[in-house]
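Look for chain A in each of the two complexes below; its partner is chain B in the first and chain C in the second.
Up next, the complex of A and B:
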């Protein structure tokens, strides 16, 4: 009996220590992986952007200051690709919102086909972007694309249309493929938002004599505001950084008409083999997206935070 | 009567729109599957047939056994160049994708659960800063850090190995998993664990025996997200893998399709095979994925 306190004391000590260090131990592996692929790469990238790195001259790395940044900003492609990125971003963000909201409203009704729609909606989202891009390239092919086949069989066209060889049609095709792939996620987000709106609100609006459109405009839309904000910022980032789809569908062509600014960061590094220029451009893109991210965090901060200290 | 017929018209038009949307969503997937069971010459007819005249599994047979499809024969001559040798790499590439994605998924669930539980329930110095750092790390555009990633992997001597992709994908997926599971654990009442802790369970035991069974739907969704992200990733896979020992599905599929001489039926086969795993996952786990995605936007 007298030995008991002596036996429990070290045990108590050990449990006290493990209690103190357990939180750190439990997040350590994750912290190591994330830190390895976040801190060092950023420092390395920023450093490289101030030096000349040409893969064609692997042993010479002179310091060039802001030279790389000046190179890319004054390059032949910069202004045009920023414009294309702007057009692409506005078109795809508007497109996925209209498409996603429309699909969500349909899924939220009691019509017969709402369940089948819910079953298939996630499919495009689940695919690799490489595959969805090829799927559309394939459908739009000028020689044997099924879309041309259908239009021809219906008598709507006399000759097959080379969708991806025309600068305007190529842009539209790319935007459509983007909406097909990204729209489902937005639809699920809007559906989640719609399902949070209590039925009583709709009933109250009905009693007040509101028409379908008025209810939508004054009840539904305002309550979906948080979803709208998240979707707009998330989809803007997705659009600016689109890569896989463009890589397989158009390769930036024809004549750079579908080359977003992020495409040229890839082209500088992997085609011109000018790492310094490529990374400088990537940093410019990162700063543009950072501005949007700050906006994103501001939006999120208005609501309850996930962890508290 | 007037109101009723108006309702009926509305119902009909809504169903019609839904039908058009379903065709828009599923049509491209069905077409590639149909194209994969057609003969090469039939596929190049003008206009194409939506229902194949002579459906054949020869294209699949070629990918798995190397037996050249007879359908590529035109007037007694094989169009040899239209046989894409690369298509035969598809099974191996999908196997690589599967191994990498499954490893990332398992590690995500284990490390993600441990970490997220701590963020949800425990208090320690630097908690909020660490959490924000994790989340913030995902906001760097990947193209900006692609070269440094390559340097890290090269320095570790891991180029062209599974661990290189697994490490990079862990860095890409863990922040989301931690954030998502923290949300999920926040939604589970603490009373049950408190009881377990009073009974003498350690934190770890309380997590494993009490919380995990209740968090199962969230874990399944988090696992599926990690799997899909890894299975679908292209940019890093493209330049961290150098041979068929590690090339993943998206790398090989884009490479086959990028060959101007490629056989169109074999591209379809490659795409169809690549589509099947994520589609099965999306259909089988539909409810959990939908619920998971909804959770991630509705409470923060």
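Up next, the complex of A and C:
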């Protein structure tokens, strides 16, 4: 019968514990950073949303429960801005996908001048949103805008069109500016996806007599499904949270026709000086975005499993 | 050793993580108990120790206009007061209010800054501005020489919060050359005159849209143009609010109703440029200079730029007329040099510099309003300091771009904006969209006025 030395047992235990804990230790620095810069602000913001925070009364913060949320939901702007945000989001996400996919397909072909073409197409993505907004504001200017100048010179219009002063045209202008700015990024995503599709699949489809459209429909699109998922989720978030382009181009006008819900989160804080309402609205926007993303994930994953099953 | 190190790191990080989450979930630090309001000044930290040597350094925040002149004025001030150092920062006029609110709320106020009459109540009630008359009672000696509307615009709860940077009127401006071309030898006196002349100008093809306003939803001065159109139609006070700040404008036939109806009809008749709804002041001036429009309403200081010799074919053609309407009254407004409690927190040397700075820029130096006069002569800015109207240099300068008699007559009819309250700024932002809706025909003028009154009452009840 052998007897273990008493001193070796704790050593073995410590080694065992260390082995088990080490993975958690490894991720702890990242967890701390996330806790400080993501979790802490979120918890703090949620807490503040239950208190009245008027910036003009910096020392008085009574607890108001859901009062800020009720204020926001019953406000004069909520219903209308949600509708405008919905229209804007659907239009921009659809437009960005069509534009991005089209550009990616073009860039995936072996054409002359593809490199300079790529640079030109990708350039808008490199511009800051504020610069892009200013650019479009001047292009669309009712008195001096180059678009009006071109249309007038071509004899297509008799008078300059106030693109940003008409509620409908202003919405369309913003959507176009958004697509122009965001499309290149989506094109890069799609191009990456296209270049991962093996040529053998296209050759097989060709041998089977598949036409261009059928090959696209049954080979390209299904294999781009993961890219679609990323693009739809990202672009939906981007569209709902659009602020800088609108701030520069229209300031939410005319008549609040381009004021997305995110604009009012800003307006509540910096125009009405009501931080509590602003945070409550920001939380509502975050929840709406979260719900949409979960829905997307479910729908696309269900379709994916149906296709693969 | 390595294991011990890992264990220590783990413990430290775990404690840090738990502590940070506990702080997040706990009561916000440095907050006063609910329902217990304290003057903002009391919350500030005690005065910092003054530096034994070196000048007192004060930040001065302005909106971006005449930066080179400001820098030169600062250089002159520093030369005369070597114990004071002024650091200039500027933001765009369109972003100025929001940026400053952000700085105040974040606890980063500059000791010296530009203020405006339509933000004074808001900023004063929040404790973001420091009272000049409480800290430097000698400022009251200037009261007798100030235009009443300007003094009113710098006063909150019986204390003076500013020394005037410039004070101006909102003026009706026309292109004389266009009018003569259309066969008119005098400007419109009533809104009906303006309508008839606009129709003639349009029919003769002189201008497509004779009338333009800077009515972009982000244009902070649009409310002043709107109120001037209301004042011009209204005799005496009570055009918008009574003495208790209750709305008086929301009735059919009121001056406000007439003003918005006129704009709506002019928009429909294509006499009023639809681009006005997206136009800011700079674009407004540029399009007038290009001859795209004949009539507009804008702050008077733009007249020097409008008539600048090399500004285009119409330089010298732009004239001021009294605001159309029965009373010809208009809005007089004031922008001013202000200080925050931060100056007081910085200590006595900083406070002494703050007063010297405020007086140098908005008051007298060697018995003269040197800086105010410089702005008037070089840039055409109006002023609240009435003795300057008699200054030969000012008269000569103003005469280059306007009729001094008309300017003086309009200044006499100028009134401060009614309803200057802590919630005026919030209400102003709301009204911009409501007025747009009426002009665009999305809702009736009465619905617009009722919405404006309801929102005013809602804000007042808070």
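As a convention for this text, the second predicted complex is superposed on the first by the 255 of 309 C-alpha atoms of A that agree within 3 Å, B and C clash if a C-alpha of one lies under 4 Å from a C-alpha of the other, contacts with A are read in each partner's own complex, and residues count from 1 in each chain.
FYI, a residue touches a chain if its C-beta (ideal position, glycine included) is under 8 Å from a C-beta of that chain, and two chains touch if they have at least 3 such contacts.
The model shown is predicted, which means the values in this text are computed figures rather than measured ones.
Colleague: Touch test for A:256: chain B only (first), chain C only (second), both, or neither?
Modeller: In the superposed model, A:256 contacts chain C only, not chain B.
Colleague: Chain A residues in contact: does chain B have more, or chain C?
Modeller: If we count touched residues of chain A for both partners, the winner is B.
Colleague: Examine A:23 and indicate which partner it touches, taking first as chain B and second as chain C; both and neither are also allowed.
Modeller: first
Colleague: For A:136, decide between first (touching chain B), second (touching chain C), both and neither.
Modeller: Only chain B is touched by A:136; chain C is not.
Colleague: After lining up the shared chain so the two structures overlap, which partner does A:122 touch, if you call chain B first and chain C second: first, second, both or neither?
Modeller: In the superposed model, A:122 contacts chain B only, not chain C.
Colleague: Quick one: is A:57 in contact with chain B, with chain C, with both, or with neither? Answer first, second, both or neither.
Modeller: A:57: touches chain C, not chain B.
Colleague: After the superposition on A, what does A:189 contact: first (chain B), second (chain C), both or neither?
Modeller: In the superposition, A:189 contacts chain B only.
Colleague: Classify the contacts of A:200 with the two partner chains as first (chain B alone), second (chain C alone), both, or neither.
Modeller: In the superposed model, A:200 contacts neither chain B nor chain C.
Colleague: For chain A, give the residues common to its interface with chain B and its interface with chain C.
Modeller: 18, 22, 29, 31, 36, 40, 44, 48, 143-144, 247, 270, 275.
Colleague: Taking the complex as given, what residues does chain A use to touch chain B?
Modeller: Touch residues, chain A against chain B: 15, 18-19, 22-24, 26-27, 29-31, 33-34, 36-38, 40-42, 44-45, 48, 102-103, 106, 109, 111-114, 116-132, 134-139, 143-144, 146, 148-150, 152-153, 160, 180, 184-185, 188-189, 191-193, 195-196, 227, 230, 241, 243-244, 247-248, 262, 265-266, 269-270, 275, 278-279, 282-283, 285-286, 289-290, 293, 300, 303-309.
Colleague: Taking the complex as given, what residues does chain A use to touch chain C?
Modeller: The contact residues of chain A facing chain C are 14, 18, 21-22, 25, 28-29, 31-32, 35-36, 39-40, 43-44, 47-48, 51, 54-63, 76, 141-144, 159, 162, 164-167, 170, 247, 250-256, 259, 267, 270-273, 275.
Colleague: Can you name the residues of chain B that touch chain A in the complex?
Modeller: Listed in rising order, the residues of chain B that touch chain A are 11, 14-15, 17-19, 21-22, 24-26, 28-29, 31-32, 35, 43-48, 50, 111-112, 114-115, 117-120, 122-124, 127-128, 130-131, 133-134, 136-137, 139-149, 151-152, 167-168, 170-171, 174-175, 178-179, 182-183, 186, 202-204, 228, 231-235, 239, 249-250, 253-254, 257-258, 264, 267-268, 271, 274-275, 278-279, 281-283, 286, 289-290, 293-295, 297-300.
Colleague: Any idea which chain C residues touch chain A in the complex?
Modeller: 3, 6-7, 9-10, 13-14, 16-17, 20-21, 23-25, 28, 31-32, 34-38, 40, 43, 97-98, 101-102, 104-105, 122, 125-127, 208, 216-218, 273-279, 283, 286-287, 290, 292, 422, 425-426, 429-430, 432-433, 436-437, 440, 442, 451, 455, 462
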